[in-house]
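Below, subunit A partners subunit B and then partners subunit C, in two separate complexes.
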Partner chain A sequence: MSRFGNLLMSAILCGCTYTLVAIGYCLFFGVLDVVVFCCGDIAIFGAFSITGAFTIIWSAGVFQAVPMIVAVLILLVVASILCAVLGLITYRISVKPFEKSSALMPLLSTIALGVVIKEVLGLIFQPVVNNIAKGVVRVDDPKTVVGGRNPQSMPQLIATGGSTLTRNLIIIIVVALILMALFFFLNKTKLGLSMQAISQNKELALMTGVNVKSCIRWTFIIGGVLLAIGGFLLGNYQTIIRFDGGTMYGTKGFAAAVVGGLKSTWGAVIGGMLLGFVEVFTAGLIPGGTKFQNVIAFIVVIIFIVFKPEGIIGEKVAEKV
Partner chain B sequence: MMKQKDGKVNTMKNKKFLDSPFAVILCNLILFFLVYFVVISDYVVSLAIMAVVILAILLVNRYNLVNKIFDLYIRHKKTALISGLILGIIYPFSLTDNVYVAHIATLAVIYGIACLGLNFQMGSTDMTNFAPAAFMGIGAYSVAIASVNMGLSPWIGMLGGLVLSGVFGFLIGLPTLKTKGYYLSLVTMAIQLAFTELVRIWPYVGGDDGLSGVQRYKLFGFELYKRYTIFGIRMSPQIPYLLLCIAFLVLCTYIAMRVYFSRTGIAMNTVAQDEIAADCLGINVSRTKLFAFVIGGVYCGLAGTLFAGLEGYAGPATYNFQKSLMLICMVILGGMDNSIGVVLGAFILAIITEKLRDFADFQQLIYGAILVVMLIVRPDGIIPWRVRNHDLITKRKPKIIEKLGESTDIAAKAELKSEV
Partner chain C sequence: MKKRILAIGLTLCMIAGMVLTGCGGSSGGSSGGGDGKVVKLGFLSPITGANAAEGAAARNAFKLAIDQANESGDFDYTIEVIEIDDKSDPSTGVAGAQKIVSDPDVVAATGHWNSGVAEATIPVFKEAEIPMLIWGAIASDLTSEENYPWITRSAPTDVQENVPLAKAVLDDMGYEKVFIISDTTSYGQGNSKAFKAELADRGLKEVGFEEVQEGTVDFRAILTKVKSSGADCVYWGGVVTEGSLLKQQMFEEGVDALFCGISGNYSEDFLKIPAEAAEGALVVKPGIVLESTEGGKKFIEDYEAAGFSEPIGAYTPYAYTAAEILLQALKECGDDVTPEAMRDAIKDGKFDGIMGTTTFDKIGQTELVAAYLNVVQDGKWTVYDDSEYADGTRKFPGK
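Take a look at the complex of A and B:
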């Protein structure tokens, strides 16, 4: 029983991390009808910015002065702002120039931008953080920063000193809270409703007085914040982050979004959970299945795309001539 | 490049120059020396030359000169082919003893073949395939398995690789009949990632370490990867192999051109423009798509078999998602749906990659940055696709012009001319 319980727990956790990225994809796809493929890299950027900010803030002595939870919130705010800015930059560079061209152009462009983000992170993370730490705090030797290219250990900020179980429970609860907040936002606030309107019919939304441009910008800001939190939770769950982890993470998130149905946020949750369960249970129950962990997810995705391309939740759209 | 500009000035004075076979030979010579200097010089110089050439092409393209040169090549097909072949044979020998340079040149040619294959899918049919490296991997691994695990000749491995990659292309092509756009991209992406993972965990093909010790190709007992001394000059070992690769590249380019100008090529472009319209016109859409995938797969498989023969090794790290991105980047840089442009893009990026080997950390960054910038600034690539002109190929005067000679009505003449 305990083994099965462990598997269940890690399946849910894995699903949670995929869900957050998948929701990022769904938000962008819903509003813009394009796939913004660097979601995974933005999330990893969020995780790295938390690590960097942690080094600086810890050296500045903030953690020692205020309660843990406040300090973590400060870190999250910093990372969210950085990720939101990165989201806006993504929109400016890789999505907006291709509004009128074929839908595959932004896909390619965002993949390329993801590579750029990843590589820049690997190259300049260490020197930049070191120099900022030196400049701000006058520490000559901030020891916690290892080069961005190496696997970077993520500071354990959730339930420090507690058991892994507590940490895992906190992660699941945080994801659930975020999901509730997101559904409240999408269905009850004016901005969320106008985002849904744009998703359904852009021209009509424009005519009824929705400010489409600012709405799109807000989508990217909200997506960035979500992805930052996703990166934070992922880093805490895996305890180690790699600068090139975003490709796999992003592809799996996209796969989850497609399995669930690209236009629906609930679909993203279901798809993410399904993918997490399939992966973890293949690794755990089939002997020698650990090797096939990554392959099985892609096989599931291919099967889904071929037989049910509109996803679990998602209506079939006939193509208009 | 200066010479080309001179050629342009000449054209202004004397229009006939652009129509003579000498212009073709001149262009070939200029290309030859450009490639030679870019390959052989130090990385700073070679990057500088490439930057200048790209800028010059972009500048010259504004006056539509690139198109005129293309027309010229098509009109004087034989002269272009013969002079090109002679230069192509001389080229490997000009590299002499420089092993590293010969290696770069061979790599560039092999990538050119792979990009031609990818172009069938990405350029002609507008289906973004994110798995060209997987096709290359299939070719390379079949050569490796044939020669290392089974002890057969690598040529049998190559044949097997071509067949396998064709079949694999067909299998990947099947889901594309039902999906399109993002879904197709995701399928190919998933296949690419799954391929790398599967190869990594399959002990028969060496797992993470890959298969090393692949036999070199031999032709009638004549070893293709060996130092030879010709006219007292010691050649680097890749030279005969480079000749083989160039022969394959020429063959592949020729086939690609024939496909491009054939009915299938037009059908592919129609499918790319509008699938429903193509269906209405009586084009067999699924057949066309499958054809693009199979022929593209075979091209990439061929590139893979040649790659394994060059490196003597096939491993999972060589055929991963990054390699696919690199190939896509080459196609977009060179110009989609234009065989010459695609090969040009492959040459440029392959040489940049190899010349910047000392800065290996920056490689991916360079691809990413080139892609982002290219897509914004010039999504059509350095040499964009041309408007089809069939009269040039058939070399026959269009019937409409023959009629024109008989007609006396000047207004009708003008109208007909504008139609032509």
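Take a look at the complex of A and C:
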């Protein structure tokens, strides 16, 4: 591939990773009007779940016995369930108690929860995986697991043995499929439409018979699953995941969501891609530009906040007096 | 009026309290040699955060040495360690340093894997007049005339490490087109500066130079620059966290160039990337081959017997050496252990340890500089001289 082609591919992939986290922010902000700041950490938790589950089912010999695609699906299901549960926990302990207080409270409490997720992951990942492998599956000599604070090598499950180009294309296609599925879900299913109704006007939705409580719970479940898949793709692209990687993805994803308009999934895609393109092309085309890539990326974000605070795709809301 | 009496009463109580506890402290001290006497040493490293793997292993080694000393019965007092997690963060490091110097029983400290954190805490130790021996931070300006004699260092500086690497890569292997990538920390900048100087000494100039933020995970954009520059060697001036990802992406993008760097990359964490991607990474490591000496072998055995969860990293033996130096300095001080006595014992001493004999030069920098090359072969760090690269069976890329 030409130099430009290489850069384009990197930019799209970088954009994809930000987009998935940004969509998490958008979903939660859409129904609750609060920023759930631990999205990045939930995604990393998803990636760790995949690594842990892989170690366990590999040690148990299940992984080798079934076709690759089935094994990957098992891993994704496990990680999705764990992330959905984590999503619900997030809602229960750091969003719901502050329903009636200012929007700053859940913001703070989810930042705090993000730190908790990160640090707990670092502390308990190794003992938990080891004990499950030894105690539940009864493997005497499981695949070695290093401490959660060390970088974890992500099992390469997409296009194993194939070229990195194939892997990258699969990642882009999967992200596109997720976006389409999400679009279909939000616009064609009853639950999706209810979520949009809540997003537009919570009181009115409540009055017209939308079950707001269950709807919010479902949002966190769906958000969790989405972030789990995000973590899976991210891990496969970067090949190594770190327990504290969520902070960076969280910040970048949030920036992408804000640029896109916070309530719109397409805005999140555009925001994520914009951030990815700015970063990659700054680093790739300007000599010595790498050290400025974050600076320039966030300057672009600030420019958007100043001149288009409602986001690229976002309706202007006139404050009623 | 009543309130005033109450206030005066409370103040008197507090003063009495202070005097009493003060007396208690000094009587404990004067009894000397009693079971209760304690001497404290501070130890600072990143136990959590981005460099937790190196920092925690170093903490383990340091405590291992202190535990061994306490068990040996060579000291009339118990040595305690105040262990501080600096999280690789300067402000956290300063808070930790303040905690150490505010403890009256502390006589010396040893700290830091990150040069940036060491830079921040040095003024604290100098002001409090507590000698600090740096065990792992290698930016060359940490030891200086201004910081001497309170600040000394038992690890070789980055400049000291780049000399043998440059000699091997540029002189022995004959690479000429070097692309330098480093991070923006003082460690990274120190390294890139040192390696540029080595190139300049040989009449060469780097074909490209990029700096990345700490925590960068995507180097693909830079690698397009590396490719178009025609470089045959990539010098990475940072640490393993980003270095392993850089090497992995060089492999994925098909960059035909040697990857080399200094000891911050020598870690088991580097091998988290697939073996074929890590293959051929060349890293210089200060010190000696531990397995080649009796002391080194014993250290590995003891460390493994203690059952720590973190494996031995590049700087783990240095933390152990720092402990050995402090322990021998404590012995030299005899019964009169004060920060001043420790300062003099450290700067003028000659210390035998697992790495060899350490002495300090006139700015407190160790004169013990030994380094050897390591290469990743089949997913394992292998001493270069024993590898298939040295005997010509395998060839480095870019040649």
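To be clear about the criterion, the second predicted complex is superposed on the first by the 314 of 321 C-alpha atoms of A that agree within 3 Å, B and C clash if a C-alpha of one lies under 4 Å from a C-alpha of the other, contacts with A are read in each partner's own complex, and residues count from 1 in each chain.
Please note the rule applied: a contact is a pair of C-beta atoms (placed from the backbone, for glycine too) under 8 Å apart; a residue touches a chain by one contact, two chains touch by 3 or more.
Just so you know, these numbers come straight off a predicted model, no measurement behind them.
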item	value
Simultaneous placement of subunit C and subunit B on subunit A, clash or fit	clash
Which superposed partner A:Phe254 touches (first subunit B, second subunit C, both, neither)	first
First, second, both or neither for A:Ile50, with subunit B first and subunit C second	neither
First (subunit B), second (subunit C), both or neither touched by A:Val278	neither
Touched partner set for A:Thr164, first subunit B, second subunit C, both or neither	second
Touched partner set for A:Glu119, first subunit B, second subunit C, both or neither	both
First, second, both or neither for A:Asn294, with subunit B first and subunit C second	both
First (subunit B), second (subunit C), both or neither touched by A:Ile305	first
Contacts of A:Cys26 with subunit B and subunit C, given as first, second, both or neither	neither
Residues of subunit A contacting subunit B in one complex and subunit C in the other	119, 122, 149, 248, 291, 294
For the subunit A and subunit C complex, residues of the former touching the latter	3, 6-7, 9-11, 14, 119, 122, 126, 146-147, 149-153, 156, 164, 238-240, 242, 244-245, 248, 279-284, 287-291, 293-294
Subunit A partner contacts - residues on subunit C that touch it in the complex	48-50, 52-53, 56, 181, 184, 208-213, 215-218, 220-225, 227-228, 241, 244-245, 248, 252-253, 268-269, 272-274, 277, 309-310
Subunit B - residues contacting subunit A, complex	126, 128, 175, 178-179, 181-183, 185-187, 189-191, 193-194, 197-198, 201, 276, 321, 325, 328-329, 332, 361-362, 364-365, 367-369, 371-372, 375-376, 379
Complex interface listing, subunit A residues touching subunit B	35, 93-94, 97-98, 101-105, 107-109, 111-116, 118-120, 122-123, 149, 247-248, 251, 254-255, 258, 262, 291-292, 294-295, 298-299, 301-302, 305-306, 309, 319, 321
